[in-house]
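Each of the next two complexes has chain A plus one more chain, namely chain B in the first and chain C in the second.
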Partner chain A sequence: MRKYIIRRLLLIIPVLLGISIIIFSLIHAMPGDPFAHLIDPNMTPEDKDRMLEAVGYFDPLPVQYLRWVAGAVQGEFGHSIRFKEDVLKVMWPRIQNTFVLSLSAMIFSTLLAIPLGIISATKQYSVFDYIATVAAFIGLSIPVFFFGLMLIKFVAFDLGLFPIAGMQTVASGYTGWQLLVDKARHLVLPTLVLGLASTASLMRYTRSSMLECVKQDYIRTARAKGLSERVVIYKHALRNALIPVITILSMQIPRLISGALLTETIFVWPGLARLSFQAVMNRDYPMIMGTVTVMSIVVMLSNLFADLMYAVLDPRIRYQ
Partner chain B sequence: MLKKIIVLMLALAMVLSLGLVGCQRDEEPVVVDEPEDKQEDKPAEPVADKYGGVVRVATWSSPPGVFHPHLYTDHYDALALSPMFDAMLKMTPDLEFIPSMAEKFEVSEDSKTLTFWLKEGLTWHDGEPVTTADVQYTFEMIADPGYTGPRYADIMAIEGVVEFNAGEADHISGIKIYDDLKISITTKEIYAPALADIGGRAIIPKHIWSGIPVAEHAEQTEMLRNPIGSGPFKMKEFVPDQFVHLEAFEDFHEGRPYLDGFILQVANQDTSQAQLIAGELDFMEISNIVQDEIDLLESEGIVVEKVVSRGFQYMGVNTRLEVFENPLVRHAFAHAINRQGIVDSLLEGNGVVANVPLAPISWAMPDASQINQFPYDPEKAIALLEEAGWEYKDGTMYRDGEPVTFTLLYPPGNKVREKSAPLIQQNLGDIGIAIELEIMEFGTLVERTFNTHDFELFLMGWGLGVDPDSTSIWHSDAAGLGGWNVVGFINDLNDELLEKGTQFLAIEDRKPIYHEWAINWNKYMPSIPLYSTIEARAYTPRLRGLQVHSFGNYYNLHEWYFAE
Partner chain C sequence: MINKDENKLVNNKNVENKTMLKGISPWKIAFSRLKKNKLALTGLVVLSILIFLAITADFIAPHGRDHIDLFNVNTAPSSEYLLGTDELGRDVLSRLIFGGQVSLSVGLIATSIALVIGVMMGAIAGYTGGLVDNAIMRIVDIVMCFPFFVIAIVIASILGPSIWNVMFVIGALSWTGLARIVRAEILTLKEKEFIEAAKSLGLEGHEIITKHLLPNILAPILVFATLGIAGAILVEAGLSFLGFGVRQPQPSWGNMISAAQSMTVLRLRWWQWIPPGLLIFITVLSINFLGDGLRDALDPRLKQ
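Right, the complex of A and B next:
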């Protein structure tokens, strides 16, 4: 087991190298440069050339790449062109913000989806099942930005229950509990929006996985033994039904970091998705490389985590 | 217990916030006419009551945090910089330059030397005195060979800047310090935009920056994030992607600002109206007016002031291509595109058709009767193209026997411009020219147009400065790769007039030159000007003392206050 983990961790290095080469080539193949948005009549082409030279834009690509790798192995991801700050320092607060939002959305959707899925499955074709199924399809098909704007219109604006945008009341002077409550109020709507789509899909997975389980022979055996329905469902069926659900959940872990561009944009949530989007729009090469690298690492680690979770949940799976 | 407290606080917060919102909604909308009237009305109010409050201004994107007036490259940094930094002169809403940090200034007989006397007792945000050495340092920092910002071209007109930049001199010879308060700056030639480019230049503190080589200034993240200026507000807190919180500078030379603070708050253009009404924001810019939105805001008591934009939108034509060489072709395009229709439909009347490359409010704008207006006239467009040797047959335009097709490139972002592309396609389709639309992300479009000249037609806009000098946009020297004369307009009279235009300081002397220049431009029409928009500024009715104009929102920011 330990050998397996070490092997998988070591495998991350060549994969990362491959990813970084591909991304580096792609972003430099993109037309444009870091100062393309500066359409300023008071600036001459010479000014721009000098600025580009200062950020190393004219150096040969292999040189730029090796310089980046040399820094990256020491944990130095370079200086952002747009922020004039260390890439990791720019990313760190955004990662935290994104993490808070995504984690809250994930908890919300998991707590809602799994019970709903179980009830739907155990009471298949009941009124509840139909309502839950229809609701799930609405949740899956409603566009995020539309749902977000509707919530803002009705819940935040008309009813005034929650703030419209942002992560906290600016310059409120809140401290301690007040601050926490303020941040929590700002978190509610983005959480609903971000959690909606995954709630729907997670519920569908739970339901079908559960349906499959309750038809198995061992469930019939359990029932024949005279176990109560509760024990049958929650102890025997659920444990096995959750295995595929865990996979889906693990696949959502990278989202904890990468964020959700639309939700972050609508609610002006200062997260990583907006940061990386702007980095691409502004051709902030060190910034793009930094966000992509961090996201790649997270994706690979969470895949590993998912694989390990199988072994924990399913005694038949053993890694050599 | 804890739970109860939270619930109680939540309830209280909600009641309070509802109460506040209610108060604002009940208040009568304040009709703002002339800024002057407003000022005269107010003195009745005791001054002491004006102090306090924090204004929250919307920004559509977060400033990256390069808070240095000569190193920043992002428009959103500029929004945070202008309350923090001050210059020797400031521009009034009537576009005149008057002393700000200067007590007075003088222009020499030959119009080449500007002499400034700084006010006594000026201080930086950290309490250090402001002296002429700071002024000198500001220009020498920009002229330094290691300088990595975009502002060098602005100050090249000063005598000795080029030599200083080449490392041949210890100081800029055109800048002369008499004492701590008196300084003179001399230009090589008479330089018309001197008041804006020299007098209006934000001054930076020498004692903060001079210890670090200029080449390394852009790497001083801590110093860039915590700038020291001399403007009415100073940095309090910057939370990236959320807000910039500035606080009143007690020792501001025109008196402590009435407001305690100024917050630049990141907002979303689709929800900011709701935030303004709900009281989460106090002030925002509206660049594309949608009448329904304005009606909603006004019905909720929000003040909406309209201002004419400082630029124009255009369809760039690559005149380097043989097919576009003939001015008649460009004239035909101008007649074929229903520009008034775009203003009436897409802008809902909030705009004017442009025919010359100037801001509509510029003094350089010639009288409408002197320029060709190119009214919408497809018949005439077809006739002009036939005159140019093209052939119109069965609804299709042919050139040398081939049907004519062009590709129109345009960027996303500006919604009106995006929607105008299909209208232009339809209009040109009506005279038999097939247009293929290609929308592309801004950086890519800049690469295709300015950097490689690989285009036929494209849509973009110019935001212009106060001075009508457009040498950098239309002079033949700027027609190379990377230059702003992207359409390749080469015309001797045009070059001559542009050069002549900056050689006088007085507007009266310059007017006839720019009129002639605009008339000449209009005759050749190297690209098709489409329209200039009317924009708006929306703000809460409690906010007073503002004087917004086309070129700025923050004039006399220290006099903004909240009425109770």
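Right, the complex of A and C next:
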């Protein structure tokens, strides 16, 4: 097991290198110059070239890439061209914001999806099952940003139930308890939007996993020895049905983090995905590399986590 | 008239399926199963209507795609403009019909690109094994870890925004799931006796893959393709909404919704952004119903 974890962790390195090489070449192929708006228009072209030369702008790409890698392994992602600050320093609060939003979306979808999936499966082909199935399809088919815009229009504007955008009321002077409530109110709509698709797919998986489990022989045995339906479903079937569900749950993590771009854009949520989007718009090379690296590491770690959970929960699985 | 042509479309499909797959009973079983699935059938009918509208847009649309009426800018729905006009005085309904061409063709072509890359990579990796398999699967890992929208936007800004580039970007980034499925299926299939027989007959690798292996995994590929079209339509809408997909004046449902980024439009002019959103939703929902129906119909474990 330990060997397996180490091997998987080592495997992250070549993949990460591959990703960074591809992104590095791609962003340097983009038209436009990140320094264009920073340079004093009165400067002569010669002076400009000299300054760019000093920051290594004209070095061959492999040299620039190696310089980036050398910094990155020491936790130095360079200076953001746009924010004129250390990339990590700019990213850190955004990472926290993204974490808050995705965690809340994940809790929301898990709490909603798993019970619904179980009920759907135990009452297969009932009216409830039918409605839940159609609802899941609707959740998977509605464009995220369209759903978000509808909520903003009908719930935030017309009914005035929740704030329209942002993370907290600007210049409200709230403290303590009030501040917490204010932040929670800002979190509700983005959570709904971000959690929608996950809820739908998680529900479908719980349902089919549960149906698969109920067919097994040991469930028949449990029923045959006279256990109540409650115990059979919640103690015997559910435990085994949840194993694949947990894998699916950890597979949602990447989607919640990098797929949050549209949600973050609509609700003006200052998260990591929006930061990387802005970085691309501004040709902020160090910032693009930084955000993409962080996102890829999170994705790979959550994949590893999914596989490990699988082994921990299901003793039949052995990794070598 | 629409209804009649509609039926014809569906019937044609039946005929085609029957002649193409004559004598192959699993496909007939699957088709008869699909016919019993009400949701899938509804999806098929709705999709056929949408496709018909998109194809005949030039004749059906009440106004020209880019026809500007400066006396009627931002007007609410009326008998002249059934769904009102946009900020340039263009008819929203006509642009919706033309926008369908974009969304549907992006979905189809992007998925075809993903299909070609995914099947090829998966088949080669699964059949060859060893070092080639390892190399291809690492590439799959890399592409799977890409933060989708960031990469898509970077590529879109290198290539420039156009409908063809959107198709390419979506196709090039969404083949990995299929490659994994195809590889896994081929890994189990290639141990079977009929492949051994084909090998001992002296068939080449590419012949075994295309003639013996791929026909046997057509079902999962078909399901993936159907659901992939739905995904591609959603991604195109998202990219166009962000301004990196299909650009004005060419209408796409996604770039029509981006009008709602203005608070005035969002609050007061529902006809400019709710109809395209609903159309994306209906289209994707129908495809998902159809895809799910196909999955059930083609599942050999559910044989009766």
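Rule of thumb we're sticking to: the second predicted complex is superposed on the first by the 293 of 320 C-alpha atoms of A that agree within 3 Å, B and C clash if a C-alpha of one lies under 4 Å from a C-alpha of the other, contacts with A are read in each partner's own complex, and residues count from 1 in each chain.
What we mean here is this: contacts are C-beta pairs under 8 Å (C-beta built on N, C-alpha and C of every residue); 3 or more make two chains touch, one makes a residue touch a chain.
Keep in mind that this is a model prediction, so the values were computed, not measured.
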Could you look at A:Met30 and tell me whether it touches chain B, chain C, both or neither (first, second, both, neither)? both
Using the superposition described at the top, determine whether chain B or chain C touches more residues of chain A. B
Which partner chains sit in contact with A:Ile152 here, chain B, chain C, both or neither? Use first/second/both/neither. both
After the superposition on A, what does A:Met167 contact: first (chain B), second (chain C), both or neither? first
Which partner chains sit in contact with A:Arg7 here, chain B, chain C, both or neither? Use first/second/both/neither. neither
Looking at the overlay, does A:Asn42 come into contact with chain B only (first), chain C only (second), both, or neither? first
Taking the superposition on A as described, I'd like to know which of chain B and chain C A:Lys235 touches: first, second, both or neither. neither
Between chain B and chain C, whom does A:Thr265 touch in the aligned arrangement: first, second, both, or neither? both
For chain A, which residues lie in the overlap of the chain B contacts and the chain C contacts? 30-32, 149, 152-153, 157, 265
Quick check on the complex: what are the chain A residues that touch chain B? 30-33, 35-51, 54, 79-80, 82-86, 89-90, 93-94, 97, 149, 152-153, 156-157, 160-161, 163-168, 170-171, 177-178, 181, 185, 265-268, 270-271, 274-275, 278, 281-283
Please give the residue numbers of chain C that touch chain A in the complex, ascending. 39, 138-139, 141-142, 144-151, 153-155, 157-158, 230, 234, 237-238, 241-242, 254, 257, 260, 266-267, 270, 273-274, 277, 280-281, 284-285, 288-289, 292
Taking the complex as given, what residues does chain A use to touch chain C? 14-15, 18-19, 22-23, 26-27, 29-32, 134, 137-138, 140-146, 149-150, 152-153, 157, 254, 257-259, 261-262, 265, 273, 276-277, 280, 288, 291-292, 295-296, 299-300
Chain A partner contacts - residues on chain B that touch it in the complex: 5-6, 9-10, 13-14, 17-18, 21, 54, 56, 61-62, 64-66, 71, 73-74, 147-154, 197, 215, 218-219, 221, 224-225, 239-243, 245, 261, 263, 265-268, 270-272, 274-275, 277-278, 280, 441-444, 446-448, 450-451, 460, 462, 464-465, 470, 472-473, 480-484
